[in-house]
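Several structures are given next for inspection.
One chain, chain A, appears in both complexes that follow, with chain B as partner in the first and chain C in the second.
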Partner chain A sequence: MTWLKNALQQGVWPWLCAGSVALSLLMLGALLALLLTRGLGHFWPAALTEVTLNSGDVVAGEAVRDMPLPDQSGSERLYFTGNRDLDDARWRWVATDAIARQAQPENLLRLERRTWGDFIGYLEAVEVNGERFTGDDAWQQVQQALSLPTAQRARYQLTLRTPQGQTLRQSLATVISAEAPNAMHLGEKLGAWGSDVWQFLSQGPRAANTGGGVWPAIFGTMLMVIVMSVIVTPFGVLAAIYLNEIAHQGPLTRLVRVGVRNLAGVPSIVYGVFGLGVFVYGIGGSLDEWFFADALPSPTFGTGGLLWASLTLALLTLPVVIVATEEGLARIPDAQREGAVALGATRLEMLTRVVLPMATPAMLTGVILAVARAAGEVAPLMLVGVAKLAPQMPLDGEFPYLHLERKFMHLGYHLFDTAFHGEDVQAAIPLVYATALLLVLIVLVLNLTAILLRHHLRRQRGSEC
Partner chain B sequence: MTRARLSSQPLRHLQDRIATALITAGGIGVLLAVLGIGVFLLWEAAPLLLDEELGSLSMLTPLAWGTLKAALMALLFALPLALGAAAYSAFFMSPRLRSRIKPTLEMMEAIPGVVVGFIAGMVLAPWVERHLASTLVVIVWLPLSAGLAGMLWHLASRHWQRRLPLSWAALWLIPWLVAMGMLALWSTPLVEQALWGGDLRRYLYDAFGLDYMTRNALIVGLAMGFAVIPSVYSLAEDALNEVPRPLMEGAQALGASRWQAVIKVALAAAGPGLFSAVMIGAGRAVGETMIVLMASSNTALLSASPFEGMRTMAAAIAIELPEATVGGVTYRMLVLAALVLFLFTFFVNTLAEVVRQRLRRRYQRMGGGA
Partner chain C sequence: MLAPRHVDHATQAPVTHFPADQRCLTIDRFSLAYAGKPALQQLTLQVPRHRVTAFIGPSGCGKSTLLRAINRLHDLNESVSHSGDITLEGQNIHAADMKLTELRRRVGMVFQTPNPFPMSIYENVAFGLRLQKRLAKRQRDDIIEWALTSAALWDEVKDRLHHSAWQLSGGQQQRLVIARTLAVQPDVLLLDEPASALDPISTLKIEELIRNLKSQLTLVLVTHNMQQAARVSDYTAFLQQGELVEYGPTDHVFTNPRLQRTENYITGRMA
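Showing the complex of A and B:
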């Protein structure tokens, strides 16, 4: 009995506790690893396989994954075959037992097209200005022509052949990019990978979010966060200064402080409800009646938009800024304030010349934390102004340049919408992974900056006090 | 002389007065605006509460049930992990490792809910649906295997105990847990055959009448637990770490083992701190929206089965409020749901804060912090 008790106390229980740390780290690591491999791996030019089945059918495409059959008798493999305009499907399941032959021909191409998604097959010929090229010459012509502007590309007519033997004529103007991944060596693949990542970051979504990039969502997120910081910083700092420097430090102040602190724990969706009820329906509705009456009943400010989303998130992140700034203010020794006042400074001068400069890093930390929180927050935005696909950017060359009433796209909501309401979720999933990775990276980098800043600040203060 | 000079600068003092007034006005304004949230919700939901037709309140029942169920599942998964991790890193972990691990785990909190929800709903849920038995075996086996590792370590020779010290155990256990997870996956068909006749889902249906939905409370519990762990861990670790060292040392000097000192002394001393950590975790689990939205089926069910979905209040607000007509019954009911969430989290957080402040004073009386 004593032996068991000893074993439990010295071995089992502490190691169980250690196990929970290990498990948490493992889960975090697994999540990040999953996002990294799936998010970045999607852009890698995958090998294309041509499979001949026992039945004589030919399937060509990218092998996506293997799954065991339900009755455990073997497995089947999912291929991305493209060519949706020809056989009405982009995916094909193939039982691995039914495969007779596999090959990776070097001239198997993958074309990214503006309509119907990808084409996978062979290039038969290219016709330009009456000349006809075949074989390797054709492929060289296509590669050269793809660097031309779209208007000039219309002269090129491609004759394509699917692995099943159908032929298809297509103008080069509808082709965005072409690659022969089986013929690429490592350097070329790296290059293609880089340009695909860049395309993801710099372009708008295409083909029902299954292609293209997320630039409008990145831009919308950034703009919303910037407008939010412009609102939240002065007010948060003002409230913190009031609480810490001006208000009489009594039970009431303490109560308010606890209240503010607790607001950081209130669910974000509640802020969304407040934003919808007060900003959108209340203030926005009144603004519409006063200034945009001729546009009614279609609302201008009386519907979700950039301004209301930023305001809502500003309210949501206000406690973060207040708490961080107050922490910084409280760390400044009273001797500094007394010294300034003793030398004849008024309170304003004391605040602006002595206290605030010393508290700047703390304020900055607060704002960065607020931005990190706002960038990852989606739930309240669903109520106050995010859009699946915003037709117009909220910032453009038209007066007054910044259109606060417009809806905008947001990375987090884009992720949610693509993954759960998309047409072909299967095809969109790789891009969702990439979006999730991007979002996590942004938030983590912001948080790391705040942590490092705070660490730096503490060390600095430590040597001063 | 001084007085004369000061009065010769009325501008400076005027500026000062104005600035003070502005800051005061701004500060109070901001605080009022922030506290106005509760007032607004109460104002909008009041007609429903005062109204005769309280029958519409029954629409809230399945939502409240769903919220509780989701939060409980999340806490069931998160609390043992978070509190165990807190106890280990406060009392056993080497300080060098702790200074790395603690920020890493706290960083987990920053991962956006929408990403966790996506992984849970699109990756975890389909996998668990296909491998339900494996999931259950892994969930049971991993803690047992960590305990087994501890038992082996206890039996091992001094030499090995020094080579693999407990203070770095969190790292040693990672490969061990991976290996044990693999073992569990490999052995699942045998276990499933022996215990449940080869098909767990059919067994569950035959024996208990349980249906299985792809996105269910189990998935929500795992995903939301993942999101709740860091906040509970962080607060609990702080509370445990601040337990005055003399208390622990005294207990050990009187013959208690380290683990006994942790359980009998530290947990008793830090009890209120742990309570407040759990409360904060509960508040987070109740209000989390995106994870529930993406990982649960969003059907308003009144079932206690962990394999069926639910619809929580937060998810209902996110789905239904944009379409609800202003002032209608649905609108007011959803605002009422928001009010309930607001009051609950506010109450829970205040309780936690008060308890924490008491605790801090108690520590100071006991011998002033670590």
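Showing the complex of A and C:
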């Protein structure tokens, strides 16, 4: 053991410490890199390959990944082939040894459709108003017509041919977008990528959450976090002021303080159960009996909703806000309090004019931590108001605009739902990465905003605390 | 102008008496205890108006405790109990009709470490004013300029009144705190080791300020620095273990102390 002792004395310590920092950074970097490449890569218009097998079969689609065969005799490749309405499978594994020929024809198309998912194949002809276009003319007609409103697009009839030779007639109204990725140059691909990312951010989900965007989930997450902050901040700050400034500092106060700190460690699902029992069934049920008796037995507030979810998360994050605010209050030197009191300030004036302004950065820290925790919390929400698919947004143009009783969508739950409850897991994987990336970004943006605000407040006062 | 001195037989301490019209503060058999532990015992002392009175004594002798008692700062601490009277200009400061905020306006206090609030220089000085009656901005500006001038700080800060007070140097901060107190026009200014955290030049400025301010109000100074007490104060009270040992004109106490204990402390022969 002497060598270890010597090594420690001779300055291995700094290396060990630096090593742990490096390892943590590496893991964080790897996490972000994974989310960024998989999440954002999903929207990149990937090349489509037409593969002819030794058996003569034709497979066309996007190569997703390679996997070695279990007996080490080669590998197999997964293709996304689409066309679920025609051959009942959107994915096909192909042994790489079985591939006879590969090609990337420029006229191979990928159509995003409202039903049955993507179509991959060729455009034979377009008929509109009795005219018939074929070849490049047809493709140009389709590209122009895609920007038209649905009613006008319905007049376009497409004749499509699968790589296997089947023909399919379809109205353009069912097509959301069309691209020929093999014919696109880099600029076009970037444009297509940008518009796909934008659609993901701005549109609602389609096809049982395996397609479309996540806008309702983004909106629901943000709104829930905001309502929660509005509830938790005053409660937490007032409780911290009481504990630190007003309460007699005896064993009881210490006990309460220890209790509050330990509440932060209670598993979140427990809060979910509490929210369900007390808020949803208890308070919500009573509210329904008193004010919404006409609507019974269908519940108004007696079921999960935005208000109950926000309240539950407010309860969950309350200890965080209390502890952070209390630490901020404790850091303020007593000389500041005495200085204010010695000038003839009452206790309330001292608190509101000197102590609270000085503790604002600490309060903001508490709110940041609370927001970050709330935005990522899923388990309790499943009990108190999150929905797989919310038909109406909780904030709209209809009086009273903010509908606190409505169910809402949440990114964390959406992620869970997409990953484990979708009918097509392969299609869900990239969406899961993209949603996870978005969740990280939202927490990051919320945190950055609060940090900048805190920095601004500190600079304004030239203070250190 | 000096009143005759005689020995108080109860405490064996020589006590200086002033005629009633010269007394600003009268402390009469005042005792104070922290959670039952006595910190001040049967103190009797008169502080003359428009003079500088210094409290000296070893650490823990109770001089700061006495100073804070005059401002009733101990009210913030529930474990403090007291008996005896402190009278400010004939009014008992513990009387039921004495409003605490009014007492603290009339008795300003400056602490050991400068404690400007995290606001602008202007707002710091305006703090006490804003707690009271509403003033027109013009009037408030005038008072702030007067207070900063009285605290010998106006020339240094007049161009940056709206900058953060925390950017000032320690000595400037302490003078700002004095200006902040002066702005509410107190009768008494209590200074608790106001220069102990400052460099020698800032200390000199504060001392000069203390000497100048006595034309406006009564000052009570707690200090560890014997030379400082000798330089700025007119009267000196020596406290030891919560008791008043000796009180008299500063030159008498320093050049010709009555008691051996006082002489030992002043000459640095504390065992």
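The definition used in the following text is that the second predicted complex is superposed on the first by the 413 of 465 C-alpha atoms of A that agree within 3 Å, B and C clash if a C-alpha of one lies under 4 Å from a C-alpha of the other, contacts with A are read in each partner's own complex, and residues count from 1 in each chain.
Quick note on the criterion: contacts are C-beta pairs under 8 Å (C-beta built on N, C-alpha and C of every residue); 3 or more make two chains touch, one makes a residue touch a chain.
Note that the coordinates shown come from a computational prediction; the quantities given were computed from them, not determined experimentally.
Contact with chain B, but none with chain C, is seen for A:Val12 once the two complexes are overlaid on the shared chain.
Residue contacts after overlaying the shared chain place A:Ala434 against neither chain B nor chain C.
Judged by the touch definition given at the top, the superposed model places A:Ala60 against neither chain B nor chain C. With both structures placed on the common chain, the touch criterion links A:Leu238 to chain B but leaves chain C unconnected. When the two structures are aligned on the shared chain, A:Thr346 is found in touch with chain B and with chain C.
Of the two partner chains, chain B is the only one that A:Val260 touches; chain C does not reach it. In the superposition on chain A, A:Ala217 makes contact with neither chain B nor chain C. In the superposition on chain A, no contact is made by A:Ala387 with either chain B or chain C. More residues of chain A are touched by B (comparison of chain B with chain C).
When the two complexes are laid over each other on chain A, chain A has residues 344, 346, 349 in contact with both chain B and chain C. By the touch criterion given at the top, residues 6-7, 9-28, 31, 34-35, 235-236, 238-239, 241-243, 245-247, 256, 258-263, 265-274, 276-278, 281, 315, 318-319, 322, 344, 346-349, 351, 372, 375-379, 382-383, 412-413, 415-416, 419-420, 425, 429, 432, 436, 439-440, 443-444, 447-448, 451 of chain A touch chain B in their complex.
Against chain A, in their complex, chain C makes its touches with residues 71, 73, 76, 78, 101-102, 104-105, 108-109, 111, 113, 115, 117-119, 127-128, 131-132, 163-164, 166-167, 177, 180-181, 184.
Chain B makes touch with chain A in their complex at residues 6, 12-13, 15-16, 19-20, 23-24, 26-28, 30-31, 33-35, 37, 40-41, 44, 80-82, 84-85, 87-89, 92-93, 101, 103-105, 107-108, 110-119, 121-123, 142-143, 145-147, 149-155, 166, 169-171, 173-174, 176-178, 226, 229, 233, 257-260, 280, 283-284, 286-290, 293-294, 314, 317-318, 321-322, 326, 334-335, 338, 341-342, 345-346, 348-350, 353-354. Within the complex formed with chain C, the residues of chain A that make contact are 248, 333, 335-346, 349, 353-354, 357-358, 460-463.
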